[in-house]
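Everything on this sheet refers to the single structure shown next.
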Amino acid sequence: MSVSGLSAAARATLAGVSTATLTTQLFKRGLRNVFLQGVQPLARDWPEGRPNMVGEAFTLRYIPAREDIDHLGVFAGTAHPQRRAVEDIPPGHVLVMDCRGDASAASAGSILVTRMMVRGAAGVVTDGGLRDSTEIARMAIPCYARAPSAPTNLIKHHAVDINVPIGCGGVPVFPGDILVGDGEGVVVIPAHLAEDVARDAGEQEVFERFVIEQVRAGVGIFGLYPPEAEAKAAFEAWRQARGL
Amino acid sequence: MSVSGLSAAARATLAGVSTATLTTQLFKRGLRNVFLQGVQPLARDWPEGRPNMVGEAFTLRYIPAREDIDHLGVFAGTAHPQRRAVEDIPPGHVLVMDCRGDASAASAGSILVTRMMVRGAAGVVTDGGLRDSTEIARMAIPCYARAPSAPTNLIKHHAVDINVPIGCGGVPVFPGDILVGDGEGVVVIPAHLAEDVARDAGEQEVFERFVIEQVRAGVGIFGLYPPEAEAKAAFEAWRQARGL
Amino acid sequence: MSVSGLSAAARATLAGVSTATLTTQLFKRGLRNVFLQGVQPLARDWPEGRPNMVGEAFTLRYIPAREDIDHLGVFAGTAHPQRRAVEDIPPGHVLVMDCRGDASAASAGSILVTRMMVRGAAGVVTDGGLRDSTEIARMAIPCYARAPSAPTNLIKHHAVDINVPIGCGGVPVFPGDILVGDGEGVVVIPAHLAEDVARDAGEQEVFERFVIEQVRAGVGIFGLYPPEAEAKAAFEAWRQARGL
Amino acid sequence: MSVSGLSAAARATLAGVSTATLTTQLFKRGLRNVFLQGVQPLARDWPEGRPNMVGEAFTLRYIPAREDIDHLGVFAGTAHPQRRAVEDIPPGHVLVMDCRGDASAASAGSILVTRMMVRGAAGVVTDGGLRDSTEIARMAIPCYARAPSAPTNLIKHHAVDINVPIGCGGVPVFPGDILVGDGEGVVVIPAHLAEDVARDAGEQEVFERFVIEQVRAGVGIFGLYPPEAEAKAAFEAWRQARGL
Amino acid sequence: MSVSGLSAAARATLAGVSTATLTTQLFKRGLRNVFLQGVQPLARDWPEGRPNMVGEAFTLRYIPAREDIDHLGVFAGTAHPQRRAVEDIPPGHVLVMDCRGDASAASAGSILVTRMMVRGAAGVVTDGGLRDSTEIARMAIPCYARAPSAPTNLIKHHAVDINVPIGCGGVPVFPGDILVGDGEGVVVIPAHLAEDVARDAGEQEVFERFVIEQVRAGVGIFGLYPPEAEAKAAFEAWRQARGL
Amino acid sequence: MSVSGLSAAARATLAGVSTATLTTQLFKRGLRNVFLQGVQPLARDWPEGRPNMVGEAFTLRYIPAREDIDHLGVFAGTAHPQRRAVEDIPPGHVLVMDCRGDASAASAGSILVTRMMVRGAAGVVTDGGLRDSTEIARMAIPCYARAPSAPTNLIKHHAVDINVPIGCGGVPVFPGDILVGDGEGVVVIPAHLAEDVARDAGEQEVFERFVIEQVRAGVGIFGLYPPEAEAKAAFEAWRQARGL
């Protein structure tokens, strides 16, 4: 068990399965709206085998900015929710920001992202913009945004709350939900489903590894994907042979 | 003084000035983003002289819905935030709902709106949909929405918070801000500016009444709007003659 | 039983319940995406008590136009699918057109709508535009569109198929599905659910009539909507007293 | 001949034909993009028989506003292009404003519209917003906008040029083009085509009057619309009988 | 001649000319809407000299999904249109999918794409999403989509038809039309124009190779692009010297 | 001093600071809308240390195209504004094109971009499309567009004016304004602010270099960013030690 409740085994599995597989598992459980729409990795390449971003959601909520209260002076002291979030996010968590899908200004930049990386955060996710995006794209911490966007957040976003339920990319995110991100995007797994989904997703990916081998070898998809009896037996044999 | 802090005089003035005038007053004070974008009155006609909606903001925040927690059973009991809001909104207040601009489902319908009207609410404003919209359009209580929308809120909206700062129509709304709505739409006046803005807006409208009379009589706008010395003098005479 | 399979009783009920009620009934059956998004009645007013549009879907599918094949000559003869649809739609049916949500051109105009009205069609629905819209808005046949739009369909829409499954306003529509439209918009009821949904919708509206009377009389919504034991008993008494 | 070159006969014809008919005539001449997209009449009703807006385009171009140069002081004097346009527009012309489709602020309000009406302008068209829209909607001068919008133009729009070619609602508008507006919207007729289009549009509407009478009487559209020999003969007889 | 009717020479030429050149050739023939809007290659890099995707269109049509009929069970057997398409697409063809421009869910993933690659398909094009997109981006088969999108197609897309005319990216696509894709996007060439367009596009590119050499050498574009007599002569000499 | 008025020192500084920093400096001066929205570099990678695009704005204005006046013949001669702009843009300037945010067609292609590069232009910026985009992406001249887009500009864009004030990406651009582009996007600096902004941006970046070093070393952001007295002193020491 990690501090946050997600088992180390589940965390390890989630680091290796695709967001596509996770959406299928959640669809099986009746959840259709789990993939953040319009939110992409800043990293321009996602090499094969790069582990996924996996972590509990720590949230920051923005509302539209107002000129008289959103000026550069607000960052003095220790009370501003954006700065608070950066210093408070627990290790292994993902900062998820609700920018109402508005990427015309940034929600964070390289200094804050570096600070979170040093503090052990697992990733940063926003449905607004990120500034210093080419610099952030080269960092080790996975970051996802709607678009690169240079303007300071004060121009459009007023930080108002930490760690309340939010929407991000059109998906509900509750603090403690598990965020998983790969080169395709980010999926939200409700906390109470995470262990279960991780286990079944791992199983699904073993089977799909078998399928793709078969397809590469010229086997058609009928009877194989989804599998009928013959394919099921072949899979079991394949699996045993590989000790998977 | 009303219970909520807005003077009766300011409230009366705000009931008679246009949202256009109010945006000009707020622009003079450095505020540019005060008119709810894409939010319109449900009433198909707005007769000349109909008093504006005026009231303090009482807010309800929605995030995107999730299938396992947003089912019809949630309305049982007294805890659901949407139902809570309807029973808690103080008289003279306006319910303002943050639906993230998504009108593909309703945020309320005729039963809840009727209840708020009976309880003395001053109006209902949402950047989502309203269902039973043709029925609501005929009611005495002014209601504003992004679009008529039949689907129940549970399909898209999860009610999560009451009376926190929200965004609505792209504008920040803090509990206690003054909402004013006419046939054109809704403007948000930050609470601390309301008395001042009301006074100056009243003055502006007296002057514009003079201007429009002049223009109808064939006077050109140069020197009149904005006024130079001669027009200023004519206005003062006009005003005194009418005791305004 | 009408020719098309929908009972006269169901048809009568559906003519009197709101699309809001119907979306709730369909939500109870697991269907969330049944209300045509962005599609509105052309009629500028929808008087209280006006019967709904009710009818089986007869569909017309458009794809984007191509300059060399979409010229005014195509309307000669009897083969053009749009003209074919107008002459083939059975009485009591609703013409539903898939324009891919593109209202930058019309999908029909007053001559074709008049012809369908004369032929007994129950209504016209499109997620594109309708031309001659002010004239159509005054006709007895209910028509729904994304927007008034003067340009001839040939500019954007190539009619390609009659009576195949389509999307309209983001909702799947299969030939024979039941379309119901009121002043708020249009809901699609899958054919096999129509009798059931009609019956339960009728029941729901009787109850809501009771609720709104109570609310107007000052009763709060807790315990009433949804009803607990006491309200249920009161409703039964109310209902019996009125013979509903 | 009017001052502007459009004959009185053409002007009279254009006042009575629909924008739908005009788009067909322009389509016949190879022009597909002539109807302003997303621009609607402010008037909530368009009674049968109300004459169209007809007039030569007089244009005003806005670019996005900049805080340091777009303040209330710019309206002093006689140099501001928006105010200049209002005082310079010739009688019988239509003010057409390019707001880049952005209706989040107004491009004019009731005082300026009144001034133009008094000066004899034929109409006002914008792909931005209009403020004081409920008041303007009641005026005799036809006005078209993307949406009612209270905020002053200075918040979003910097007036920069008078009477240059512009885009409005996605359509090119050259000074002197003929704008025609009915209850459906606005069509732009290139100046050199206006006489021709007017004549043919008048002819088309006589024929369509015949068609709609036939259709109301139960005649099918095949062979009638478009007409084959028999229908052509019937039309000629119908026309002679009525002296049209 | 290939099986499908496109000559080997045309196919070879089309593999080497740009989609930009092809749109110019089609514009010369009166076709303006031939480039798929919003559809991009999944491959993150497109090395100089990579041959284009070229192939006949084999189409798959989706309409919006419905919860009761779009569940994981539909993939059993051999009847599901999506699976059918994957097993039926002829070698050398391009699968083109109509997702109504909705990329909030996938239209295919790596297993199906692999199967089509093994079966000899020339490419995959969708105006929806593709899942497993980072994996697909590394494959040899060129794939184009509106966006990477993890969710299974069942969440949004109901596969309904194979090889009917569709729209994709706002462009009409008829079965047998020639699809050509480079690093910029995809162009649709109506089948009957393909040989002609290929020939002229080849010629155009020879000329543009000359032009770009001249421009790199400091020659101005006036008189060169488009060419006047002198540039035409220079081009002919240049061409002969190179035997092109 | 360069020919255009921007000092060589300012130009050098602007080549090395980020667009994020520049938006902050402009925000301090009251300008919020300075970053081109939706406009990205065509270059797929932006290596660390690549100098920014810096240059004075030379503008080209497009309005929507019209079929009868936008044909391939317009490029003959020397009068077409697009071709004129390419031959007239002074060295060190950036061509900025107003395409009304419409990227469904190109605003230029590789031949014109090559010509501008040869002539010494500093960059090309458009809120429309660029064709031959993969080829342009490999050139030394920095180019920014809304999207790659193959269709010739004549399909959607009518070039109308050179070097007038325009909007691009929602931002006002006056001829002579300073455009700065990095891997994130493009910022517009009003001409009269450029020297000042350059100086302060340079200062800001020195400080942020210090901050990021501190953060990487484990220092928290409170008291550091923005700096309180202790951090200010540490910064001065750090700076002196490095002679910055």
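Residue numbering begins at 1 within each chain, and the chains themselves are lettered A, B, C, D, E and F in the order written.
Simple rule for what comes next: a residue touches a chain if its C-beta (ideal position, glycine included) is under 8 Å from a C-beta of that chain, and two chains touch if they have at least 3 such contacts.
Source: prediction; values computed, not measured.
Among the remaining chains, those touching chain B and also chain C are D.
For the self-contact between chain A and chain F, the two sides draw on mostly distinct residue numbers; the shared fraction is below half.
Averaging C-alpha coordinates per chain places the centre of chain B 50 Å away from that of chain E.
Each chain gets a centre from the mean of its Cα atoms; for chain A and chain D, those two points are 50 Å apart.
Chain F has its Cα centroid 32 Å from the Cα centroid of chain E. Across the assembly, chain C contributes 32, 44 as residues in contact with two or more other chains. If the chains shown are joined wherever they touch, the resulting network has some other arrangement, not a path, ring, star or complete graph.
Contact annotation for chain pairs lists A-B, A-E, A-F, B-C, B-D, C-D, C-E, D-F, E-F, with touch applied as defined. Within the complex, the chain E residues that touch chain C are 29-33, 63-68, 100-101, 158, 160-161, 164-167, 170-173, 190. Of all residues in chain D, only 18-20, 22-24, 27-28, 32, 34-35, 37-38, 40, 44-46, 48, 182-185, 187, 208, 211-212, 215-216, 218, 220-222, 225-226 touch chain C in the complex they form. Those residues of chain A that touch chain F in the complex are listed here as 44, 72, 75-78, 83, 86-87, 104, 106, 109-112, 114-115, 118, 131-135, 138, 147-152, 154-155.
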